[in-house]
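Each in structure tokens, the structures are laid out below.
Below, chain A partners chain B and then partners chain C, in two separate complexes.
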Partner chain A sequence: MTETIGIWIAAFLTLCMFSFLYKDNPFYKFAEHLFVGVSMGYYIPYTYYNAFIPYAYNPLFLKKEYILIIPFIIGFLYWFRFSSKYSWVSRYPIAFGMGMVGMGVPMSMHATVLVQMRSMMLPLDNINIILIFIGTISILLYFFFSKAHEGVYGKFTSIGIWFMMVGFGASFGYTVMARISLLIGRIQFLLGDWLGLIK
Partner chain B sequence: MKRQIPLMIVLILGLLFVAHVFIPSRLSTDYLDWFMKWTKVIGPFAIVLGVFSLVYVHYNKIKRKAPTWGYSIVTLTALVVTTAVGFIWGIQEGTPYMWIFKNFNVPLGATMFSLLAFYIASAAYKAFRARSIEATVLLVAAIIVMLGRVSIGQAITHWIPDITEWILNVPNLAAKRGIALGVGLGMTATSLKIMLGIERSYLGGKD
Partner chain C sequence: MKFADRIQKVDRRIIYVILLLAVVLPLVFRLGFKTYTTTPVEDLYRHIDAAAGKDDLAILMDFTHDPGVLPELYPMDLAILRHCFERNIKVFTISFLPQGAAIIQMALSEVKEDYPNIEANVDYCNFGFKPWSTKLPIMLGMGDDIAEAVETNSEGLKLENLPIMQNMKNYDNIQVVVEISGSSMGQFWVIYARAKFGVDVAVGLTAVMAADVYPYLQSGQFVGSLGGLKGAAEYEQLVDIFAMNGLEFSKKKARNMAWVEAQYEELPELAQLYKYNKARIGMDAQAIVHVLIIFFIILGNIGYFLDRRAQKKSM
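Our next item is the complex of A and B:
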């Protein structure tokens, strides 16, 4: 019984959302606002049970790790954001989190620069490897604005645009297919689970 | 006190993280464990900011009887009911909380994102009309990749999946790599700017 009610509710909400294809209307607005409320309502108990209880409450109050009083206090400092006079206090927990950027310096240098360069430094004995090499260099030079893009140099950098266009096209194609598969999922739900027209 | 201490915290923790990466040792591993442990304690407190902000915006809309204030009642009711259900019956599989997730969250989220399939298609029509050679290249690459990912592409000719693979593994890889190198250098520079206190916008506020 609860499953049937659930399917009918899900079908109604799906149709409410799809009604936006016609134009903005009260059914869509209702579904949109409901989504915001339910999503936030979902994350409060989820965070409480999966983050606060195991990592904050249990270690401090059950395992008696009293040192955790300090991050507790730092966490409370977030709430000073609500005060117009003392909102600057909330910068302390934000700064604590931002300390992570120190990791970003060597890690981003390693993962997105050195690893990529190492992958590029292969023997140019294959047409595909030569194309990848030319494409990468021409894209990098395209974004180098200290030299005017004219003459032979300008022609070479314009090859970079072509490579980027193919890359953007591929990314676009992938994104469209991901959205289409979601759409197929919803249509299957409506025709299968709800109306029972397809098995 | 208002700016200097937060900046010092970022600098000191940041330098310790740099040391953690470059000088692997027991001490640096302990530092990472300590930081992660404390971050997990601090993190849940931030959700209160989000909840308060949402409640504040919608409460004010209802109070002022702003246009479409009735929908704010829907949002706040959904927020209160879902939260209460989660705390009263728990969040395990089979609870009313998971029933709400399955029958409200999942269809609403999936349908909202599937709507983008229509809008992405109309945006593509406007953007990709082959007005230049570059736009044509983009259009052709997108069509081949889309066809290559579904069975109709194989049915038309077996070349389409092969060309799709080639596009993804050669020109697409070159494009991704060129952009990734730029992004990587940008991330490194931005991280350094934040650590050294040159970039301070995350602190917000006036003073």
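Our next item is the complex of A and C:
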């Protein structure tokens, strides 16, 4: 019974959302606002019980791990965002966070730059590698703006544009697939779980 | 109004209705289009399958997605779990998003009901939700000791006491980390876990991000990937024709459509359940819609060029 009620509510809200395709209306607005409220309503207590209690409250107050006072205070400083006078205090935990990001720079350089560059330096022994090589060089040169894109150089950089266009086309095709997949998912729900037309 | 004007100014609601029909009709009257498997999906399947029957190897599934992308990613979740349960592959699941934890529960219970012999904490272990801020320490800590880094499973039990952890120590016991993601594209795992500990990483992504992973596949930093509904459909098929029939993976056979079709005829009843075919059924509608969109693009361009020619003539 509970499941049936849930399915009917979900179906009603799905139709409310789809009604926007005709035009903006109160049903759409209602579903939109409800979604935002429910998301936050779910997120806040879930995080409180699964993040704050086990990782901050229990170790600090029950297990007496007082070293956690330091990150506790750093985290608490974020609350100064709500004070117009003392909002500058919240920059300290942000600065600390940026320092943590800095820790990842060497490994990030390794994974996203060095290893990727190494994969460009392979023997040009098949058509795929040759295409990747030409594509990489021509696109990199296209974004080199200290020399005018004229003559042979300009023609070569325009090959880079073609490579990028193919890339954008592939991304667009995938994006269409993604959006249609979401529609298919909802229709499968409406026809299957709600109306029982497909099993 | 001229033809060129008319097709340039079609009411978008008419297009929506046509699109809706293009989705609904193939779902109701199944077309059964063939699914061809591609290298990134086959590589992931082969990689996971290599851990079959081994007590000291597991795969780690990171559910970094929320309900908004379930239509694309949930069939992947089910297909990979079914593959593991069918082939006796140990599975760890974790989520650093609150919503992901609920999806893990849903996926595990949905697949587990068809595999009554599979036991929690013996054949699989759900690490549950861990706050996002703990992702880095857990990721790095698992390189030394998984039980120490993760500490507890979703039920609050200490990992070190669980039977599944007997032969599991660190990333040496992780065959592959599969991040099923609606946003982060497995970058964290590549940057920290792979770069530092050399663990293999693969991803299951929404189609929007699928094109972005190819450079990483080419460099070998991802051992495989599932891109959107198509990737899920391919994986469903591989599970059906190999795992469900108790066969070892063979790329040559996977690409032989006559052989694939023959395997479909011998499938057990379990493989024919709707929930395990959802991505492939969805791909029927997807194919029709793609043809429709191509048709609309061509039609729109014809209208545009006719209109431009008419404008040039009138000048």
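By definition in this document, the second predicted complex is superposed on the first by the 198 of 199 C-alpha atoms of A that agree within 3 Å, B and C clash if a C-alpha of one lies under 4 Å from a C-alpha of the other, contacts with A are read in each partner's own complex, and residues count from 1 in each chain.
The working rule: a contact is a pair of C-beta atoms (placed from the backbone, for glycine too) under 8 Å apart; a residue touches a chain by one contact, two chains touch by 3 or more.
Only a predicted model underlies this, so the values are computations on that prediction, with no experimental measurement involved.
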For A:L34 in the superposed arrangement: first (chain B), second (chain C), both or neither? first
Could you look at A:A51 and tell me whether it touches chain B, chain C, both or neither (first, second, both, neither)? both
So, A:Y153: does it touch chain B (first), chain C (second), both, or neither? neither
After lining up the shared chain so the two structures overlap, which partner does A:M107 touch, if you call chain B first and chain C second: first, second, both or neither? both
After lining up the shared chain so the two structures overlap, which partner does A:Y66 touch, if you call chain B first and chain C second: first, second, both or neither? neither
Scan A:M17 for contacts with chain B and chain C and give back first, second, both or neither. first
Across the two complexes, what residues of chain A are contacted by chain B and by chain C? 21, 42-43, 46-47, 51, 55, 100, 104, 107-108, 111-112, 116, 119, 132, 167, 170-171, 174-177, 180, 182-183, 185-186
Per the contact definition, I'd like the list of chain A residues that touch chain C in the complex. 21-22, 42-43, 46-47, 50-51, 55, 100, 104, 107-108, 110-112, 115-116, 118-119, 132, 167, 170-171, 174-178, 180-188, 191-192, 197-199
The chain C residues in contact with chain A across the complex are 13, 16, 19-20, 23-24, 27-28, 68-72, 98-99, 101, 129, 131, 133-134, 136, 187, 190-192, 194-196, 206-212, 215-216, 218-221, 227-230, 274, 278, 281-282, 285-286, 289-290, 293
Touching residues (chain side chain B, partner chain A) in the complex: 2-3, 5-7, 9-10, 12-18, 20-22, 35, 37-52, 54, 68, 71-72, 74-83, 86-87, 90-91, 97, 99-118, 120-121, 124, 134-135, 137-146, 149-150, 166-185, 187-188, 190-192, 194-195, 202-205, 207
Per the contact definition, I'd like the list of chain A residues that touch chain B in the complex. 2, 6-7, 9-11, 13-14, 17-18, 20-21, 29-49, 51-52, 55-56, 59-60, 68, 70-72, 74-76, 78-79, 81-82, 87-88, 91-109, 111-113, 116-117, 119-120, 128, 131-140, 142-143, 160-177, 179-180, 182-183, 185-186, 189
